[in-house]
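Since the structure comes first, as structure tokens, the remarks are kept for the end.
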Amino acid sequence: MTPVPLARIIVEPLVRAALVEDLGRAGDLTTDAIVPAGLAARAALVARETGVVAGLDVAKLAFELIDPDIAVRVELEDGAMTAPGDVIARVSGPARGILTAERTALNFLGHLSGIASATASIVAAVLGTKAKIVCTRKTTPGLRAVVKYAVRAGGGANHRFGLDDAILIKDNHIAIAGGIAEALRRARAAAGHLVKIEVEIDNLDQLKEALGEAADAVLLDNMSLETLAEAVAIVAGRAMTEASGRVTPQSAPAIAATGVDLISVGWLTHSAPVLDIGLDFED
Amino acid sequence: MTPVPLARIIVEPLVRAALVEDLGRAGDLTTDAIVPAGLAARAALVARETGVVAGLDVAKLAFELIDPDIAVRVELEDGAMTAPGDVIARVSGPARGILTAERTALNFLGHLSGIASATASIVAAVLGTKAKIVCTRKTTPGLRAVVKYAVRAGGGANHRFGLDDAILIKDNHIAIAGGIAEALRRARAAAGHLVKIEVEIDNLDQLKEALGEAADAVLLDNMSLETLAEAVAIVAGRAMTEASGRVTPQSAPAIAATGVDLISVGWLTHSAPVLDIGLDFED
Amino acid sequence: MTPVPLARIIVEPLVRAALVEDLGRAGDLTTDAIVPAGLAARAALVARETGVVAGLDVAKLAFELIDPDIAVRVELEDGAMTAPGDVIARVSGPARGILTAERTALNFLGHLSGIASATASIVAAVLGTKAKIVCTRKTTPGLRAVVKYAVRAGGGANHRFGLDDAILIKDNHIAIAGGIAEALRRARAAAGHLVKIEVEIDNLDQLKEALGEAADAVLLDNMSLETLAEAVAIVAGRAMTEASGRVTPQSAPAIAATGVDLISVGWLTHSAPVLDIGLDFED
Amino acid sequence: MTPVPLARIIVEPLVRAALVEDLGRAGDLTTDAIVPAGLAARAALVARETGVVAGLDVAKLAFELIDPDIAVRVELEDGAMTAPGDVIARVSGPARGILTAERTALNFLGHLSGIASATASIVAAVLGTKAKIVCTRKTTPGLRAVVKYAVRAGGGANHRFGLDDAILIKDNHIAIAGGIAEALRRARAAAGHLVKIEVEIDNLDQLKEALGEAADAVLLDNMSLETLAEAVAIVAGRAMTEASGRVTPQSAPAIAATGVDLISVGWLTHSAPVLDIGLDFED
Amino acid sequence: MTPVPLARIIVEPLVRAALVEDLGRAGDLTTDAIVPAGLAARAALVARETGVVAGLDVAKLAFELIDPDIAVRVELEDGAMTAPGDVIARVSGPARGILTAERTALNFLGHLSGIASATASIVAAVLGTKAKIVCTRKTTPGLRAVVKYAVRAGGGANHRFGLDDAILIKDNHIAIAGGIAEALRRARAAAGHLVKIEVEIDNLDQLKEALGEAADAVLLDNMSLETLAEAVAIVAGRAMTEASGRVTPQSAPAIAATGVDLISVGWLTHSAPVLDIGLDFED
Amino acid sequence: MTPVPLARIIVEPLVRAALVEDLGRAGDLTTDAIVPAGLAARAALVARETGVVAGLDVAKLAFELIDPDIAVRVELEDGAMTAPGDVIARVSGPARGILTAERTALNFLGHLSGIASATASIVAAVLGTKAKIVCTRKTTPGLRAVVKYAVRAGGGANHRFGLDDAILIKDNHIAIAGGIAEALRRARAAAGHLVKIEVEIDNLDQLKEALGEAADAVLLDNMSLETLAEAVAIVAGRAMTEASGRVTPQSAPAIAATGVDLISVGWLTHSAPVLDIGLDFED
């Protein structure tokens, strides 16, 4: 899954902020002290484990913003599988700049590749079913655009990007409205014509109420496999069905087998471990 | 471990950016459509699992920046242990604002508490030894200040905050300098009088070379327990000794038993899963 | 139509930037030279013409950011009709601050009220029909959030807020894809489950093609009234129908009478004249 | 009137903000879904009506910031007249980037050209008189630098750019000071030696008072043509004379005929409709 | 000379940036380690030498932004003379915050008071003459607004604030134009009606040329006292006369005695030493 | 002393802000009015006095950000000595851009070179001793990174960059802790392993107490030469010794002769006059 690259205008401020965060007021004390000004070097970004790479443009930009004389040649594309030892990209140019940008580049690349890899592991688990794996708004603050991109790189799809691009009615909204039907009516009255409405469902009675108000999608939260299957049967294609609740690569196939359209997984973006990628200098 | 709170002037820009990231241009479509303007609500931030909380000031600020009429009463302090069901804080005020800020508050609180909890688990594993658990610069871009704070809340200590506040000579620097002694001499010549110098060591010969140049600290990377113990004996208090390399709560006690001063753990800040915390509305 | 207020966290940066733009490096030379420091004053924001007010929170914030001792008491709400001479709000406090903030407050208030008034004039023209008046992305750069809010205050509805919250397939996309059906298929394959898809239609053949691919909405661009009516009949409720193309209060009723769901009007946000509002000092 | 171009350092932040405002967190969903990565395209910015173009540098920058591989060849210069069908500029390069930047480029270009066109229409109306057409501080928040530039492109001149670059004493200042003479004395005492002082005049007695204090300019607000002419005679070249008050292309010639030096027109910058400019793809 | 306070909206971003610059990512390590959380303290800002204070609002804001519980009571006003030992302000509240903000507050206060003091020393030297002391654009980057304010606090007047608020024709402009008269004509043709024009003069022939084109002010650069006096006589009130060139408190009286209107002094803003002010804790 | 260049990512925002501060909303009125668009020019940055240059990259960037067609060829390097008349750099390209950027470039270059020159004068005074000259945190707000760089260019060394990169215990901290030993213990307990601790010493008893707690450095504040020498003898290499207190080029040699390791000088960064550098146009 090679996703469409993010516009540089979105990514660049994040990379600049991360570099400034690492360089502080004094810059790279170690490299400035030890590495001569004119020295050139060649290095490779190398995968240390199996996974899916994401964030190559971001890592590339980290090197280029530190020194435009650094050249980054990408060997894999975002969305590609890695095996231990695979060269992901080659970096060449002033040694000082390569060392100074290294950690920032790897922090982005490892984090985003970790998310892509986690996504891919669940996507693989439901292969052959119609279920799409989707992410949530449970993302690390400040990084939503790139984190959602990493999910796409891993073969997943994106849920809402924020509070403002779709309506998702949750239990507290339903309680305040006094019921699902009333909540949906209020939402429908306020929603723009290009805004879809999804509603969280706790039981099958609520599901029928939601279908009665023509919800675009229903979020079936923490239901048993049996109930999920029954819900899918009741919906019968009249709305998108999304299952959620502590999904793992192990549990995902059975959930997908219930026939749901979507399985949302919070931990892809809030708890996926980094993919281990290193920078190896070459002679 | 209740750490000294971060200055609001450092934290506030992060929280503002995260809220704006979630609200986008149109704000919280769902809440605005469904929840009446005047409605007040009460809710609790509740731990769903065992861990250590961190980031309460940050979460509090998220609510207050959305609506200054929201009051947040903290029930636990950063650094406190949580059990499932523990109320961490109580939130009261306009229901709209509480729902709009909820996800941003929880994203910070869950992420930082996850780091604190991971830290605490390793700190507990080495209790009774002199080893301190320290973090690295492998942090999520943009969040270094709060992430390092979370490590402190978990009972850990901080390594460098950036490239600019200490010298850490790594393998590539050593290779470029042509040896540890030369790298240390260059570093010493350039370093300010309040800048400490640590050097990465791969074997005991390098260690002796480093001690000969009076390194302040030595990073013993990926060594066997035997070699670590031997290294500690060789150092004999002349430098701080830091062990690193895929440390887990299981492996940490044996590492600590070698007598090292510090054990650095990258995954605390790059791969710790969030601590599960929810917001429950109350009647 | 009193819309839900925009979050201050979205509006405040715009107001700060506008004030700084007006004050420059030296501040209000005239007021600082002439008006004594301690002098208090009372003034009223007064409508000079008939229209619909929008942006009171924004104007209020302009005064308060210049001097928190200025009190603004709102007499009308956003969405209210004004007649010439109506007092919209009363401002009291330090005379210096009132004079310094005046122009910025009025620039926002006049611009947003002008948009609300233009919207209301078209909304009134289609009263009794099912047609909703919607805006476009043709907005003054930097002000989209508040401009879209002003449309709501005028009784209109919002179209997309940006390129990222819905899919709108236009003629150039269709040409590149090689046809409407292929364009819709590509869009459907890429779209998240909460993303609606609208497609621009130039003739009735294209319309049928779009319905065959289950477009959520069709944009009927620059069609005659007869063709519009025919299109609405063909659609028969299977998609939202949106008419566009140089709509005026005069032409709107006939367009609405064709039965379209939506009428989009670009000039609401790119060419509406300001509503004339002044600040009158009172004794 | 080809004005001196604005420094890119002033314009670039505005264009970046406008692009980010339109792309949001997810970018151009439509184009990313439908348009292939490698596809090149050619397009023309075409005037749909008669007017004066302004903002070509700004529009060009919008395309280039989205993708530096897009080339923009300007065919007309800012300040040039357009007829319907005139090609203003040609754009070539990656189709994706052209489509993504299109709306932002056109929003700037249409808005600024609208202001230039409105200005030119009044400038033409007073041709052959000595009267200059000037703008006011009634500008869309955030865009003052470019909006004032557009006035210059239309052949107009600029009044103050902000509260800080000249003194303009208005009725409220006069009332607070207790009279025009006292207000002028206070202003003179505080003003730097390169700061000019203008004062608003409601009647001829005030005018004489102002001349007695050597005002640099007098703002003759909402006066009849007879009174304007009389005022000009009284001033007799001792100060610049500025007429204001709901000036239109129809009323401007008679006002200019009174002999005033300047005619200020608020609606040029707060209410001018956009100039209709489109982007046409070419084969 | 108590100048009108700068708007907080202008000053606050400077103070926030300075505090963040000093606190970095980890905050005040020393204070956080040593000072207990609840401890209150009282301290005084005390002048260590004779001078003129400026920047009290700025210093006050530094304390308040670190901790709103810190109260700052101002004992002197900006523009007041200090003697060694004078208490300028009293600060009370949380000891941690006082210590953390101390350096930033003093850096602003010392710098601005240094400028005010230098200004006052020259102002005093020309007392009784009509000469005003004015500053230049030779200011520390980023601080122009506050630095110009400090000049006012010292009894001086401000020259241009930037390249955009007045025209100052210098030798290079004259050379390019081919002469003073042509340069003035070009400037007059381009200048707005509220923009004054000053021209640099090297000799009396140039002076006559400038007067022939009705320059508003002439900058008499590096002239002998005799030439200055002759220039003043030639001008005879037809333009403002400004003397410049390495002015000191010693040389200023004689320059003022030539009858010039203004004496501009670059070193007030680029080379004035700080006024020594300290923070003394009280029991 | 040619220091390692600062990363452009750190310097660029400062230069952009300074240029925008000078250009305001209208740009360079004078140059835009007088200098033709196509005119090319050549100029030289010329030292008017003896000193040490610093900030050439910064000045270069000012020209390039205004117009990338301006070429700056550096003739001296940062850290080089200047004699009156020395050409520091040559600038060629569009005359408009050169004139517009001139003041900002010179403001940076003069300020930083002034600091480097002051530093060099003290460094020269202690030549042949082991004493290093170090700066303090008494820097102009907003410019710490470049100001500290200028100290390095002058041959000095840097003290702390902020409150967060080392611990410096001052008199107020000691008083609050109840003594030096307790303050040091608290600091040691909180400090990271790469954080050094310095403590301010007023007398020799305190010194012994500090050595007893293994302070890394002692700040000997305002001591007589005799006491300094005695302190150095007592320390006997167990800590770095830093002397401070109104150091001048005259007093520095005797201080250095006491054997201290470091002499800190506040006025290098808060009160050094600019180095006089001008821009001369060439035919």
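As written, the chains take the letters A, B, C, D, E and F, and residue 1 is the first residue of each chain.
In this text, contacts are C-beta pairs under 8 Å (C-beta built on N, C-alpha and C of every residue); 3 or more make two chains touch, one makes a residue touch a chain.
Since the model is a prediction, treat every value here as computed from it, not as a measurement.
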Greatest separation from subunit B - chain, by CA centre: D
Chain whose mean Cα position lies farthest from subunit E: A
Mean-CA-position distance for subunit F and subunit D (Å): 44
Intercentroid distance (Cα basis), subunit F paired with subunit B, Å: 33
Length of the line joining the C-alpha centres of subunit C and subunit F, rounded to whole Å: 52
Interface hub residues of subunit D, defined as touching at least two other chains: 21, 23-27, 32, 100, 144, 158, 161-162, 164-166, 168, 195
Of all residues in subunit B, those that touch subunit C in their complex: 16, 19-20, 23-27, 32, 37, 65-66, 96, 100
In the complex with subunit A, residue positions of subunit F that touch it: 4, 6-7, 9-10, 144-145, 148, 158, 161-162, 165
For the subunit B and subunit A complex, residues of the former touching the latter: 14-15, 17-18, 21-36, 39, 41, 95, 99-100, 103-104, 106-108, 110-111, 114, 137-144, 161-170, 172-173, 175-177, 183, 186-187, 189-191, 195, 267, 270-274, 281
Contact set on subunit D toward subunit E in their complex: 132, 134, 157-161, 164-166, 168, 192-196, 198, 216-217, 240, 242, 261-262
For the subunit D and subunit B complex, residues of the former touching the latter: 21, 24-25
